Amino acid sequence: MNEYLPFILGGIGVTLGVSLIALPMGFVLGLLLALVRIYGPRWARTIVGVYSTIMRGIPPIVLLFLLYFLMSGAINLSPFAAGSLALGIISSAYQLEILRGAFLSVSSGQMMAARAVGMTRIQAIRHILLPQALRIAIPPWSNEVANLIKDSSLVYALGVPEILRRAQTVSAATTEFFLAFGIAAMVYFLLVFFSNRMLDWVEQKTRIPAF
Amino acid sequence: MKRFLSILSLIGILALLLAACGNAEPANRWEAVKSAGKLVVGTSPDYPPFESKDATGKFEGFDVDLMNEVAKRMGVTVEWTDMPFDSLVAAVQTGKLDASISAFNYDEERAKQVDFTEAYYTAKDGFLVADTFAGTISKPEDVAAYKVGAQSGTVQADWIDANLVQAGLLPAENFLLYERVDQAALDVKAGRIDVLMGDNIPLAALAADLGGLKVAFEDTVASGEFMIILPKEEAELQAELNKAIAALQSEGFIDQLAQKWFK
Amino acid sequence: MDKPILDIIEVAKIYGGNEILKSISLQVKEGDTVVLIGPSGTGKSTLLRCINLLTRIDRGRILLGDQEITAPAVNEDKVRQQIGMVFQDFLLFNHLTALDNVMIAPIRVKKMSKAAAREKALYELERVGLKDKAGNYPGQLSGGQKQRVAIARALAMDPRIMLFDEPTSALDPELIGEVLEVMRKLALEGMTMVCVTHEMGFAREVATNIVFMEKGLIVEQGSPDKMFNHPEFPRTREFLWKITELYGKHDQDKAAG
């Protein structure tokens, strides 16, 4: 078992890689979509609403398959790239809802006050609403980070050997099921634990005094 | 049923998408493989000794060695892809993989989605007895008359239990399960059991090693034929794979591999 | 006669079939302090929002100087840069310090350099007496201080006209005085102001023109002397009597204090 340890732990890089691609991608996409959903023309809002419902309504593993094979029809992507992109797209729907909620919980007066001093809509969103919404979004967002790290194991279905897949392989080779999966569980736990601690720290640092 | 329907609809959607995309892939996959110089093969390395990974993450096993040699004969190299067993058929069907080797048995449902090569290996059931064995075994059920052993967890052990013990043909006290197949063979030699049912190739190897033992009968009641799967309607690729498999079979390469992995 | 800086011509605003503003015509001259009074729900705040284009009018025209700001092709953001607005509930930017609240529009809208904007912001904070609170966040300020920062924020854009929408209504009584004091000072400095307020003491002392609105119409307007002492319409007299009764007490408190 010991000699398999580096192999399992080598999956951390893959898991982190997938998460670090999917998370920012989902964030940028989710933010754009959230803005369209709130401030866009009616037809665009409807489209984004449907997008969000579909993406969140279908099990991620099915979506992952669909997106993977859909993308593979158009461009030839490695399973790693395709899996990361697909997870990013799925995550964008969740992050869209998180950010939408955050934007809506910033009082509407903030927008009015920003417009009243002559800011354009975009300036008001960029300089007044966004900084406040992002702070509000941190707690639910750290939840999504945890989910995404765990969901990153799904890319194994596309043939990306991340931690969980490696644990499976090792448990088959050594028949030490509890040890192999125990290591994987520990790694996930630590990844989620430290990412959440980091976000707690960011939340503390960016807290608005007396607000 | 529900699961089946969801998989079916998934495949339906996939087919539609692929049709809509209008693949720009070359008409002939074998030509594409040849010009790329590599064959993209998927396997689920959680099924030793057919396929697994060693401590460095390298693919190994009977299927792995075989496929590497098959590819060599075809003049290409294998690019291995690690996929869960459930994903392999879909990945082959949609052409993400050129082929998959993962101890696949022929299956009619599967044959609607992918094509099969000829069998590269037929796991045979062997019946090991002592040289001095006086009885006759002309069909698998005949062993019910003797004291029978098998390695626990094998398909043969399952078969004996389901078809002989459960059916009342073989008294339970006459069926002995062994942790290790070599221990079982030693008991045959010592006369504690009369017959050991197991995988043919490892049994033959044990008979040669231990002496005083022979494989009295072979059949395929418990195990079956293993085949490589490939995308549908790729006759050229299928022909190339079959040609290489046939050559390796006649050269005895596959038997050697079986000796190496199934002992 | 001087050309008005703000010319409101037969403006109407309809909300869901209700005519909030029926037909309002009003002129404000440079340096005037116009106080809008009237029962609540009468359209005073709506009129202010129409002036800085936060609400679109349904009929009529509004001119700021020579420009018709209600014309279709007008850049609304450019118009709002010239009009300062102070809200009843302050609406400071919650995530910014007092200084940044005042600085942000000059930087982002006027593209002023950071240093220049900072200097400007400190000057405006000093004008409202809050230079020492520059580093405080809104949550660390009292209501009266918040409103003074909001006034400084509007002033930092060098507006041609300031609109006040019930600036003291959300304040505890003891904090009203400091805000009115700032407004009084601005009026004396010659700022053109349109104020919706119930502070009759302020109106009597500072207003050049008091406008009494009711049910979407201007009933009567005139100098404080005329409106308080010789109103033409019984409704004006009745309303002013009531409102003075209601709010007069702390006017007297202020006079005493």
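We just call them A, B and C in the order they show up, numbering each chain from 1.
Heads up, the rule we're going with is that contacts are C-beta pairs under 8 Å (C-beta built on N, C-alpha and C of every residue); 3 or more make two chains touch, one makes a residue touch a chain.
None of these values were measured; they are calculated from a predicted model.
Participant: From the C-alpha centres, identify the chain that is farthest from chain B.
Facilitator: Centre of mass proxy via C-alpha means gives C as farthest from chain B.
Participant: Of the chains shown, whose Cα centre falls closest to the middle of all protein Cα atoms?
Facilitator: Ranked by how close its C-alpha centre lies to the overall one, first comes A.
Participant: Go ahead and note the Å separation of the Cα centroids belonging to chain A and chain C.
Facilitator: Whole-Å distance between the two chain centres: 46.
Participant: Taking the mean of the CA coordinates per chain, how far is chain A from chain B in Å?
Facilitator: Chain centroid spacing, chain A to chain B, equals 40 Å.
Participant: Hey, how far is the Cα centre of chain B from the one of chain C, in Å?
Facilitator: Taking the mean C-alpha position of each chain, the two centres sit 85 Å apart.
Participant: Using the touch rule from the top, collect the residues of chain B that touch chain A in their complex.
Facilitator: By the definition above, chain B touches chain A via 6, 10, 13-14, 17-18, 21, 23, 42, 45-48, 52-57, 81-84, 86-87, 90-91, 94, 96.
Participant: Touching residues of chain A toward chain B in the complex: what are they?
Facilitator: Residues of chain A touching chain B: 3-4, 6-7, 10, 62, 65-66, 68-70, 72-74, 79, 156-161, 165-166, 168-173.
Participant: Touching residues of chain C toward chain A in the complex: what are they?
Facilitator: Of all residues in chain C, those touching chain A are 52, 54, 77-78, 80-85, 87, 89, 91-95, 104-105, 108-109, 137-140, 153-154, 157.
Participant: Using the touch rule from the top, collect the residues of chain A that touch chain C in their complex.
Facilitator: 107, 109-110, 112-120, 123, 127-128, 131-132, 135, 208-211
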